[in-house]
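The following blocks contain the structures, represented as structure tokens.
Each of the next two complexes has chain A plus one other chain: chain B in the first, chain C in the second.
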Partner chain A sequence: MTNFVILAEQILSFIGIYYIVSIGLNLKAGHMGIPDFGHAMFFAMGGIVVGNIVSHLAAAVAAKSIPGVTVAGVIASNTKTLTIMNRQFFPHHPFLDIGLIILALILSTLLGGFLGWIASLPALRLRGEFLAILLLTVAEGLRVIFTYTKSLMGSTPTVGLSTPALFSWTHNSGVAATVFTIIMALIVYAFVERLHNSPAGRLFRAARDDEDATEALGKNVVTVRRDAMIIGSALAGIAGTVYALNPFLGGGSVAAVSIFNRVWWTFWPWALIILGGMASNKGTGLATIIVGVSLIWPVRLYSFKVAQLLHASALGINPDQFANALEYAFIGLIILIVQASLPRGIIPEPPSRTLPFEKYAKGRILPPESKKK
Partner chain B sequence: MIYRMAVQTEKLRERPTGDIILETKEIVKRFGGVIALAGVSVKIPRKWIVLLIGPNGSGKTTLVNVITGFLKPEEGKVIYEGKDITGIEPHIITKMGIVRTFQIPKPFINLTVLENLLAAYPPGPHENPYKAASKKSWINTEKKAVERAFDILKTLGMERIWNQKASELSGAELKLLEAGRALMSGAKLIIMDEPAAGVNPTKAHEIFSVIRRLREERGITFLIIEHRIDIAAQYVDYAYALHLGRLISQGSPQKVLNDKAVIESYIGS
Partner chain C sequence: MGFAAFMAPLYYASILSLLSVGITLSYMTTKVFNFAHVRYATVAAYFAAATMLTLIVHHHITLNAATRTIGGIQYIMPLPGWIYVVGFVVASIVGGLVSIFLYYAILKPLERKGLPPLALMISTLGFDFLLVAFLFIFMSEKPIINLAAKASSIIGTVNFASLGLDFTDAYIRIGNTMVRGSVLGALVLAVVTTIVLTFLTRKTKLGIMMRSSIENPNLALVLGVNVDRVFAIAWFLAGLIAGMAGFLLLFGTSFLKFISPTSPYNSIVVSVFAGSIVGGIFNVEGSIGGGFLIGLIEKWFVPWLAAVLSMPSLIKYNKVFSMFAVALTLLFIPEGLASIRFSKFRKKKGGGEA
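Up next, the complex of A and B:
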């Protein structure tokens, strides 16, 4: 039973986090047509907010009452300081924890959006593959800088920073974090659906389809592209915060190798939005659910067994790596099957329904033929 | 009485008179050593459908580019509604009410017919994505836009396909959609570049009928570049003929079509 609960929590957390991060990319790539291959860097901003900024703020408060906690210790002796705070401080200060969660969400939105705005400057001048390569290399460059900057990600690059356990005041922080992840995903869904079905969302899609025609209609395509970059990146920042707060996802720490991981936070979201349908919020959701359930439950659970069964080690292949590769093969297979049968995704791009158009149409269009029927 | 009126209209159309919406004065445009326009003066009266003809390279498109602000003339002036608009940025000219449609239609291919029109509604705060979550910020403008869009669709005769994607439309429908977007953006003068190109004769007649209807019902002025003069001539009020950057003939379409200089410019002398 507990196994089942943990499995369910893992699946739900996976679906929640991948929905938020993919839908941010969908806004940029699907709605606006910006080939953002540096999506992971915006996601990383959220992880840094929790692992670095929030920890510092909490330590500043905790240092007054808890011995052994100092602000400098957050970086200098990260594991020790955070262990003390996670045991003795956070479980007893629920209101501060909630405040810090809200603050982390706000900061990551701002930081993600700010980085998105900076990234939009080249995005206004470059097109297609040039922009894709530029954003990919900028994200990789940032990853290297963050990895080796002690004041940002701690002294051990692969270990990174322990995250504050901001759900430790609840009875079961695993359940709380999962519920939080799902609620955030639902809020984000409500937001992007509203945006899609608004004049602004329609303008994104129009500017994507034909920039010249949009300009000719007196609209400023530069600001439209910039806004899509900012909002999509801010959503990625939120996803990063949710990731760092959820023990099933971050595992209690954030490291540059995980939050800047281009496979997890750039290529997987790309795969999910291609699967679900570009500029389709519902499609991306469905794709995330399908992949989340099948990947975490059968694939991740049994891929290692499959690797053993196929005697991967006898062939000189590391069974762990083989099992990992099976995951990629799995999503590759799904993409091939879906693209062959549904080239526009599981749910193709819907129109922007700002108003109940049928009502307006009904009042006006009464063709004589249909009257006779 | 009716006879007299007919004669009068015929007389009126002998020369552009009345309320002149757009006028070019002695426009000169050179590309290096090539003189594309050598002092072209045209007058376009309000609510007229004016045809601009001429063989390839005669300067038609250059003239349109000068009017819409895409090119700056070396000499001469463009006067629109009494204001000098020579050399003003294209998007400002668009906002002032001169909208141009492209020879090859540029629809928003993944948007529906209705969305194509709605996206053409004049820009404003209702398109602010940061306020999109609050319906209040855009719902009133959007209601007006939808009303206007359905009205325009009806005039265009496209109301039944309002929910079709632009990618599913025929060539003629795309041309009408372009005109619809121009109307939606608040155009007073629509400049159409070959509306009948690549469309079968029946559809071409349909397009010109719609243009007439737009003029009657909405008081829109049209400047039309068209090579299929035989079809266009039945629908336009006035015609200008260009050849090698000069105006060689103007007047009623019949007069211009039968002008010796025009015929020679097309078949060579």
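Up next, the complex of A and C:
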């Protein structure tokens, strides 16, 4: 039973976090057509907010009452300070924890958006693959800065910063973090669905499809691209915070820099939005659910057993490596098969459901896709 | 500064230029940035290593660390020369074959479906993941592990999984220093590649066909050029050169971690893209120079700057410098350093790019 709960928590956390990351990327790449191959840097920003800023704030409060905790100790002796705080401080201050969670969300939105604004400056001049390569390079450079600057993300690339256990005041912090993740994903879904149908969202897609026509109608394409970049990056920042607060998937206890790599947080979201369909919020959700369930449940859990079976058949493959290989092959095959057979994704981009559209649909004969409502 | 201090930067710069030129070749022809390009080097390195280990085990070859002299030149060659040759050939052919497989099996069908260049770029990413998956299985197979165990009893420690191979490097005495064979090989190969590619693209019929296909594929098709095959040859060449770089990486132990699949996305990919873009994505010779430049910036200029400013921690941030190089190039001279007409600058007295 407990195994089942942990499995469910892992799957749901994966789905929630990846949904927020992917929808941020979808806003940029799908709705606006900016090929952002540096998405991981905005995600890492959210991790830094939790691991660095929130820990400092909490330590400033805890230093008065708990011995052994100092503000300087958050970076200098990170593991020790955070272990003391996680045991003696956070479980007993529920309101402070909730406040810190809200603060972390606000900060990561602002910082992710700010970083997105900076990244949008070159995005206004370049197009297509060149922009993709530039953003990839910038993200890598930024990752190097994050990795080796001790005051940002701890001492070594693999150890990183321990994160504060802000859900330790609840009865079961794992369940609480999972519920929080899912609620955040739902809020983000409601937001992007609203955005999709709003004038701003329609403007994004108009500017993507025909820049000249959009400019002829009096809209500034430059600001539109900048706005999409800021909103998408802010969503990635939120995802980073949610990830760092979640004790699964390697986050939670330790926010290592090596976690914020471009495979997990740039290329996998790309695979997910390609599978789900560009500019399709529901499609991204469905893709995240499919990949989340199949990756965590059959691939990660049973690849070991499959490998053991193959091991018996004299192929002689190391089960550990086989599990790794299966994960990579899974993502690679998703990208290739979907691009070959379903270039528009499993749920293609829906039409905008504007207010007059709904009125029209209510009064007259319903169009086929709106019958569900 | 002696020659010895230059060796590691030169080696790295040569490898980068060999990999950058492949990115440029494949971009020029199909307008696709190939994410899987650096992985060719890894695949080629693994195949070359497996072949060489098999030969070593089969022929019971032992290491020969003695200093020998031929024609007055002192050298150390731990393994017989023909093993290096076999490894080199295997690596380059495997690299070329993987590249041509990507072109014909994935890119061509997707292109025919009318996918935009960006989608094709993402499909090379998918192929890259498949290669990583393949490597994870390949390097942990029983026959390979048994092979590595046998080889380690003959030539010393061999850890195939992390490419911790004991292919001790060869040395040649030049002047007063013993120069590593891999360093010299990388340099020579970079120079030879430049010369051969320049000759190929400018003087031969194939090169003219290639340039015309790049310039106007439809017109070339009308004139009877098999554009598909010409592009496939370009991709094969790109893979071939990447395979050579992979073979050379077998000997530079400190650089092996760049291509090991256990750390799948190390930053060499970014440096290679940087080299290709800084040098000029539409210019083969330019990209070789660009790769060289980025390599020297990362491994020679940044340590020098760190020493001058007495900030030793600066060395770790060397990728940030290539990041700025890419950003400045793309924003101000999008066709790369090769597109600058330096004669213009002399008249105007304008400043060049650092």
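The definition used in the following text is that the second predicted complex is superposed on the first by the 320 of 373 C-alpha atoms of A that agree within 3 Å, B and C clash if a C-alpha of one lies under 4 Å from a C-alpha of the other, contacts with A are read in each partner's own complex, and residues count from 1 in each chain.
Operating definition for what follows: a contact is a pair of C-beta atoms (placed from the backbone, for glycine too) under 8 Å apart; a residue touches a chain by one contact, two chains touch by 3 or more.
Everything numeric in this text was worked out from a predicted model, so none of it was measured.
**Q** So in the superposed three-chain picture, is A:Phe191 touching just chain B, just chain C, both, or none of them (first/second/both/neither)?
**A** Only chain B; A:Phe191 stays clear of chain C.
**Q** Report the partner of chain A that touches more of its residues: chain B or chain C.
**A** C
**Q** Does chain B (first) or chain C (second) touch A:Thr79, or do both, or does neither?
**A** So A:Thr79 meets neither chain B nor chain C here.
**Q** In the superposed arrangement, which partner chain does A:Thr354 touch: chain B (first), chain C (second), both, or neither?
**A** first
**Q** Taking the superposition as given, does A:Ala200 touch the first partner, chain B, the second, chain C, both, or neither?
**A** first
**Q** Classify the contacts of A:Gln339 with the two partner chains as first (chain B alone), second (chain C alone), both, or neither.
**A** Touch partner of A:Gln339: chain C, not chain B.
**Q** On the A-aligned overlay, A:Ala216 touches which partner chain: chain B = first, chain C = second, or both, or neither?
**A** A:Ala216 contacts chain B only, not chain C.
**Q** So, does A:Ser65 touch the first partner chain B, the second partner chain C, both, or neither?
**A** In the superposition, A:Ser65 touches no partner, neither chain B nor chain C.
**Q** Starting from the residues of chain A touching chain B, keep only those that also touch chain C in the other complex, and list them.
**A** Of chain A, no residue contacts chain B in one complex and chain C in the other.
**Q** Going by the contact rule at the top, pick out the chain A residues touching chain C in the complex.
**A** 35, 122, 125-126, 128-130, 132-134, 136-138, 140-142, 144-145, 147-148, 261-263, 267, 270-271, 274, 314-318, 320-322, 324-329, 331-336, 339-340, 343
**Q** Mind listing the chain B positions that touch chain A in their complex?
**A** That would be residues 90-91, 94-95, 99-100, 102, 106-112, 114-116, 118-123, 126-133, 135, 138-139, 141-143, 145-147, 150, 154, 159-160, 162-163, 181, 185 of chain B.
**Q** Mind pulling up the chain A residues that touch chain B in the complex?
**A** Going through chain A, the ones touching chain B are 191, 194-195, 198-206, 208-210, 212-220, 227-228, 231, 279, 349, 351-352, 354-355, 357, 360-361, 364-365, 367.
**Q** Tell me, which parts of chain C touch chain A in their complex?
**A** Those residues of chain C that touch chain A are 31-33, 106, 109-110, 113, 115, 117-119, 121-123, 125-130, 132-137, 139-143, 145, 161, 264-265, 267, 270, 273-274, 277, 313, 316-317, 319-320, 322-324, 326-327, 330-331, 334.
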